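Written out below as structure tokens is the structure these notes cover.
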Amino acid sequence: MWRLQLEVRHLEQRAHDLFLQNLIKGTSHLAVGQEAIAAGCATAMRPGDYTFCTYRGHAHTLVRGASMTGVLGELMGKECGLLQGKGGSMHLTDAEKGAMGSYAIIGAHLPIAAGAAWAAQYNKTGAVSFCFFGDGTTNIGAFHEALNFAVIWKLPVVFVCENNFYMEYTPIGEVTAVEHPAADRAGAYGLEPIIVDGNDADAVYRVARAAVDKAVAGDGPSLIEAETYRHYGHSRADPATYRPDKEVEEWMAKDPIPMYRSRLLEFGVPEKVVGDIEKSVLKAVNDATEEAKASPIPRDELALTDVWADGGSAWRN
Amino acid sequence: MAELTYREAVADAIAQEMERDDKVVFLGEDIAKAGGVFKTTVGLYDKFGPDRVRDTPISEQAILGAAMGAAMTGLRPIAEIMFSDFFAVCWDIVVNQIAKTRYMTGGQVTMPLVIRSANGGGVRFGAQHSQSIENWAMMIPGLKVIAPSTPADVKGLLAASIRDPDPVIFFEQKSLYGDKGEIPDGEHVDELGTAKVVRDGADAVIYALAAMVPRSIRAAERLEADLGIRASVVDVRSLVPLDTRTIFSEFRKSGRAFTVEENPRLCGWGAEISSLITEECFWDMDLPVTRITTPHIPLASADNLEDQMIPSVDRIYETVRAGLD
Amino acid sequence: MWRLQLEVRHLEQRAHDLFLQNLIKGTSHLAVGQEAIAAGCATAMRPGDYTFCTYRGHAHTLVRGASMTGVLGELMGKECGLLQGKGGSMHLTDAEKGAMGSYAIIGAHLPIAAGAAWAAQYNKTGAVSFCFFGDGTTNIGAFHEALNFAVIWKLPVVFVCENNFYMEYTPIGEVTAVEHPAADRAGAYGLEPIIVDGNDADAVYRVARAAVDKAVAGDGPSLIEAETYRHYGHSRADPATYRPDKEVEEWMAKDPIPMYRSRLLEFGVPEKVVGDIEKSVLKAVNDATEEAKASPIPRDELALTDVWADGGSAWRN
Amino acid sequence: MAELTYREAVADAIAQEMERDDKVVFLGEDIAKAGGVFKTTVGLYDKFGPDRVRDTPISEQAILGAAMGAAMTGLRPIAEIMFSDFFAVCWDIVVNQIAKTRYMTGGQVTMPLVIRSANGGGVRFGAQHSQSIENWAMMIPGLKVIAPSTPADVKGLLAASIRDPDPVIFFEQKSLYGDKGEIPDGEHVDELGTAKVVRDGADAVIYALAAMVPRSIRAAERLEADLGIRASVVDVRSLVPLDTRTIFSEFRKSGRAFTVEENPRLCGWGAEISSLITEECFWDMDLPVTRITTPHIPLASADNLEDQMIPSVDRIYETVRAGLD
């Protein structure tokens, strides 16, 4: 989990640097500060399980095993990108690894994740579907429909609300009728409220693991609220000046990376092992950066492929 | 050949495909135990059981989201949206998710699913339960769009839609549900992307879809009987893929075309066909293409008001007659 | 309230008869059995308050004072109809009386009712907005969005869920994650759960009255679940064979009309007074039926009017 | 005359109208304290306060439902849908409720509201944040549809939309937000339903909207400079009501028309204009109307892929040149 968290941290920092160099265009939503949730859940997942995430999805895609070059290449609009440059930052997908897509319209992927769980249930594959979304997402209709639907069909799906206390620039409390946007609504679907420290990868792992077990046992969905904080603004364009300094400071003190590092050392993992992992991750990110930079931009013809399963895009004969 | 109604052909097609492939599953509101509010899916629940034929809550986004997620991971779902007007409550899943995901992921995922829906007016249900929205779907890249006019086509095209690896929006015209027609015996599977010349004629061509097809045929028959005008009628059947070959070849016979649409006036498929003909057959045009549509107004519910709005046999007859004058 | 309930009952029965005579086309959703909710709430409303209801809205429109001739005329597609024959059974509206429309797409009118409450709050008119919907409606996204929105803005709106235990032909329990589709979700919006016997007009009146007081006091919305039963099928086309005989019998025994009649007599209202009201209501329904029958069908030109505020429908110059 | 950006003109128009009429209120996601994700509404919250400029949850159906309910009962709301792609999550409120309620109630209620939204591509946001959906709105009877191309038109047409008694869908093209232009001093209110001839020319006419207007003008300038072809450019501005008078009169000058659309190919407003011209100006047609559109494909995000899809100055230039050849 140490490695996973570091991979996310360094990859996201790199993405940030590449913006500043204008090598990444468009928008991008970093998960710096929220790594423990991605890492903890991915560790609880098994090969064959499904991940559905949002535009803030670099982390969730990476931790399922997507290649760093593929991720960075996609952000840079290169042909080596996971999506050949056709999707961009907000749509990272690696279906082979179970990363079934990043969805950029708030709420949409909750019912979609339920659908993958339905297929798993129908085909008795034992797969579990994980669905990640933010606090702000709990106020849109699709959230409500998906939760009710998943419960009545007892689908093996784990809904993980990453509560970073902001929907874009607006504090979640200003636009939400309850204090805990997900947990306080669990009861509306007959579910247990679950709140976990989203900056503690081990704690996240434990609740995620319990949710997987529940799903596999045929006992239906779980709704987990993991409290966390993003270190950067909402997206590339946002300097996040709307957040009180004190709040930022407090959360910075709870940065999951140093916290996890201390814990490892405390538990007797040698400093060298910890450091070597850091080094190897950094090297991997560096290598991937170079590879992505060296990759060509997508061939123009790619614009016209893969609308249909036959590989083409013809709407007429 | 068995005679079935248009509504019965729906269940017939679904049963044929569910028997053939156990990855085909079906979900929607009141479609299972009750057999559907239009009685289009009677018997499927009894035959295929609660795992494959499932009633849902009133949660159209969940219905289509579930269909999409299942399609991406190995099933071939059929989802019902009861009235096509209700596409508006789940439009995001249709246009932003289902239509785009294959492309956005560089072809990593496939989306074999069908969304069936009762489309159109003429049954006094008022403006929120009577829309013909085939043009909404046609506008969206990534969707195939089918609208049959006969029981045989319902069966053959619905079966083909279920087998198709891409998302298909399948419009059943609710004013046709009671129509009867012969259906070929045994397995019947038609081909998407094909229009059908349902009546020959060298003086003009009428392009029509769904409920407008039988009306156009009747108008053409009267034009011939009354005035000796021989109009061919093309049942467009498939808006995406569009069979421009048949559309153009039929056009070139007379150089005089009329489109008959139930959807409202602006940006309908008639405009698309008219523009295509102008662009690609300009030098064969004897007359401008004339569109016959529902006016650009929500549909009223009283009998005489609604009847006056949707293109009628009389209006088609009169417009073609005047156009050729 | 006796009169209001009777008006609804007899008008709906008449609508039923007129179908059978094929004088009413299209569809129609009767509220026979659910009269006490419409009557109880209308009695708690004040002139200027708003009603938003569904396709099952004849009752709610009538009890605000809409003319019976206007209602029956609309169902029959006559020019004397409330909507000149342009809307039909599912869209009855009498804006002057505060009946702000019947909405036929599940869930849509919940946020719309919240909007009217917002205008009242902004303009400080003191008006309260009532919104009626069914149990099945609690599973659609718009329900969730409207509730959260109304609470955070403290809007003067009263949401009334008429739980008749069926969404069309499907028992609500089969498609809902909780037992009480509205009340068990009140907590998700920080609201009190309120369940009332929807066949008892007095009980409904009391909770509605309390909700009006709360709204007027600036304390925001309420969510009321009123349990009831429809005597006919979901709509004209539905013989309702999916309901167990015993369930139907039990509910028939709780028919709000005879119950209220007995209560009046018990409370000492003379039989003659009760009976006279019955007679006068029946006469009013008869008169309205004749008037509506005699009314002409809408002039053809009406099809082309009132798309725009200028009275016309031109999309071009 | 002050010079403002296209984005600044938005807040300028809203401020002008809010000052004039205290029934004008404004709601949307992050529009108040943060001034909007595109910084189009900076300053309004400070000026008009939290009762009139209100941040909302991510609840597009609630946002538009609230706007509608308030419009029916005496306010004149402006609602923001952040990206036009998100219309899909609240499409029901737009098309089934807002567009139809006046008609369905026989004119009992009025719906003075504006929905503003950032439309279009070219900014590498990918297929779910880049659509040009003006054709979605144009298809729906009961909506007025506006899409300005300059800061002055943003101000004048947005002010006119706010004063209009009917629902207006107001598309701001996000690729234009940084464009600068002169804005008339003092109160500025334009007129809905009017197209504008923004460049004269007798050899051909190019109909364009929003971001396609400056591109068409540049293409026309190059056509004249390089080849002496004088093309006029019509900024359509208002899709509903559509200024067919200006469209036709400009067409008749040359008989040769091109439409330039950012929306995808099928059933766009270009098809509508092409069909209208064919229907009503057939005998003045020198050439078929040619449509230049984004292909019928979801938008890709990589620079070169996206640039190749949306009509460019080069493509417009080349198509007109080839067409007149």
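The chains carry the letters A, B, C and D, assigned in the order they are written, with residues numbered from 1 in each.
The definition used in the following text is that contacts are C-beta pairs under 8 Å (C-beta built on N, C-alpha and C of every residue); 3 or more make two chains touch, one makes a residue touch a chain.
What you see is a predicted model, and the numbers here were worked out from it, not measured in a lab.
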Selected pair, greater C-beta contact count between A-B and B-C: A-B
Chain of greatest Cα-centre distance to chain D: C
Where chain A and chain D are represented by their mean Cα positions, the distance between them in whole Å: 35
Whole-Å gap between the CA centroids of chain A and chain B: 39
For chain A paired with chain C, centre-to-centre distance based on mean C-alpha positions, whole Å: 45
Shared-contact residues (touching 2 or more other chains) in chain D: 56-57, 59-61, 85-86, 88-89, 92, 96, 103-104, 126-128, 141-142, 240, 265-266, 295-298, 300
Residues within chain C bordering two or more other chains: 81, 86-87, 91, 103, 105, 107-108, 139-142, 145, 148, 152, 174-176, 302, 307, 313, 315
Of chain D, residues touching chain B in the complex: 85-89, 91-92, 94-96, 99-100, 103-104, 126-128, 135-136, 138-142, 240, 263-272, 274-275, 278-280, 282, 285, 287-291, 295-298, 300
Chain A contact footprint on chain D (complex, rising order): 29-30, 33-34, 37, 55-61, 85-86, 88-89, 123-129, 265-266, 295-298, 300-305, 308-309
Residue numbers on chain B that touch chain A, as the complex places them: 25, 51, 54, 56-57, 59-75, 77, 92-93, 96-97, 101-112, 141-142, 165-166, 193, 240-245
Of all residues in chain C, those that touch chain A in their complex: 139-145, 147-148, 151-152, 174-178, 184-185, 187-191
Touch list for chain A against partner chain D, complex: 25-27, 77-78, 81, 85-91, 103-108, 136-137, 139-142, 167-170, 174-176, 237, 242, 297-298, 300, 302-304, 307, 313, 315
